[in-house]
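Two complexes follow with subunit A in common, the first pairing it with subunit B and the second with subunit C.
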Partner chain A sequence: MITLFAVTWRTDAQSLDRDGLAVLADGDLAMIVGPTPSTTSREDALAFGRVVERVASAVDVLPFRYGTTAADTEAARELLREHESSWAARLLQVEGCSELAIRAARPESDVEPAASGAEHLDRLVSRSRQLDIAEEEIGKLLTGRCRVVRRLAGHQELRLSCLVERHQVEVLRALVEEWAASQTELEVSVTGPWAPYSFVANEEEAG
Partner chain B sequence: MSEYHVASDDIALVDLLDRVIGEGVVIAGDIVLSIAGVDLVYLGLRAVLAPAHVAGPSALRGEAL
Partner chain C sequence: MNADVPRDELEPRRRARIEADSEQVERGLVQLVLTLVELLRQLMERQAIRRVEAGGLEDDQVEELGRTLMLLDEKMTELRDHFGLEPEDLNIDLGPLGRLL
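Right, the complex of A and B next:
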């Protein structure tokens, strides 16, 4: 059993520092694979993510979701052949880009128990509107600077994923952090750059 | 490439976990996971595991979130 970390261009894979990883090439693409740990824990998931980030810091990648495995190298190569055209198209879509993650939410310490059900509902509506306004304001900062923006599901928080050309990453971070400094009721964070996890879903999965 | 930078270590870990278990390329077929030794999770092609920081036992069993 081998773990699948990411797909990249065959030519880019040649320059990678493999450090325990293997590269399986077929056609124009290459798959970065490695041994599968005997355990699956949160730490293993983070370790998987760190490997993907290390690779993504050097080359364009399509990261696999944690837990994706193949029986052996031949099975992995077969996957590469089977998906070559769609994965190559998706690699082109994220070429030269990283992902930035933006979160905005009211601080948890800010929340006192509601006196009634009606007050609770009022607060939910108010918070939802506040996040919609934040999304609109952040959206203005992102316009023209992101290739794609996705709003991810969030529980009483705004979660945006931005596909950003690498030379714009620090520009965008600075803009959002400057906006965040003016917010008195929201806590805002910007993390990344990450591999473009949120922009490589199968077409039938993309929301 | 941009230098790795985070707003805070904890938030960055959550954001990374969100991505590695909830996003990324999925290949048709089921993926079997055990998160933090709590439960077995069967991820179908369309199933999405809740982010680790909000995933309770019901989410880990793949029930509606």
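Right, the complex of A and C next:
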């Protein structure tokens, strides 16, 4: 059993510091793989993430999710052959980009229970509107600065994943953080740059 | 599929599969059931928000709807506390489809 970390261009893979990883090349693509640990712990998941981020900081990648494995190297190569055209197209889409994640939500801790059903519902509606406004305002900041923006599933929170060219990452972070500083009722966080996990699948596939 | 594998080599694997930690299995099952209940609760909340935004509800209907959602919210918190689960535990990673909630 081998763990699949990421797919990259065959030419880029040649320059990677392998450090315990193996590179399986087929056609124009290469897959970064490594041994599968015998356990599944939080530490294993973090170690997986560190490997992906290390590779992504050097070359363009399509990262796999933690826990993606193949029976052996031949099965992994078969995957590479099977998905070559779609993965190559996706790699072109994320070329030169990282992912920034933006989250906005109202803090829950200091909210007193509602005194009535109507008040509870009123709070839900108000929070929903507040997040819609936040999405619109953040959207204006992102326009022209992101290659793709996706709103991810989230309950009573706004979660945006932005595919950003690497030279724009800090510019965008500063803009969103400046906007966040003006928000009195929302907690906003901007994390990244990450490997483009949210942009591996088509939006239709991602739901 | 395992026709070529000697029986001696199969036995340890079978044992490993059935020696599951029963507490972990129970917790996993509770987590799965509560995740589905939470999904339904959230869908009800969204539907309620849409109904309020669309207008046309009488005050007593708004009160009834809000109270139902409030009680559901409280019950879910109680159940989570009872089983030692955090809100973020009630989610399922659907791989390329993203997270359920």
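Brief remarks follow.
In this section, the second predicted complex is superposed on the first by the 203 of 207 C-alpha atoms of A that agree within 3 Å, B and C clash if a C-alpha of one lies under 4 Å from a C-alpha of the other, contacts with A are read in each partner's own complex, and residues count from 1 in each chain.
Throughout what follows, a residue touches a chain if its C-beta (ideal position, glycine included) is under 8 Å from a C-beta of that chain, and two chains touch if they have at least 3 such contacts.
Owing to the predicted nature of the structure, the values given are computational and were not obtained by experimental measurement.
Residue contacts after overlaying the shared chain place A:Ala201 against subunit B and subunit C alike. Using the contact criterion defined above for the overlaid structures, shared-chain residue A:Glu119 touches subunit C, although it does not reach subunit B. Look at A:Arg65: by the touch rule set out above, it reaches both subunit B and subunit C. Between subunit B and subunit C, it is B that contacts the larger number of residues in subunit A.
When both complexes are overlaid on chain A, the residue A:Glu53 reaches subunit B alone and has no touch with subunit C.
Contacts of A:His155 after superposition on the shared chain: both subunit B and subunit C are touched. Look at A:Thr191: by the touch rule set out above, it reaches subunit B but stays clear of subunit C. By the touch criterion defined above, A:Ser98 reaches subunit B but does not reach subunit C. In the superposition on chain A, the residues of subunit A touched by subunit B in one structure and by subunit C in the other are 65, 152, 155, 198, 200-201, 205. Residues 65, 113-114, 116-122, 124-125, 128, 152-155, 198, 200-201, 205-207 of subunit A touch subunit C in their complex. The part of subunit C that touches subunit A in the complex is made up of residues 42, 45, 48-49, 52-53, 59, 62-70, 73, 93, 95-101.
Across the complex, subunit A is touched by residues 1-2, 4-8, 11-13, 15-27, 31-37, 43, 45-46, 52, 54 of subunit B. Residues of subunit A that touch subunit B in their complex: 4, 7, 40-42, 45-46, 48-50, 52-53, 57-58, 62-69, 79, 83, 87, 90, 98-99, 101, 103, 152, 155, 166, 169-170, 173, 189-195, 197-198, 200-202, 205.
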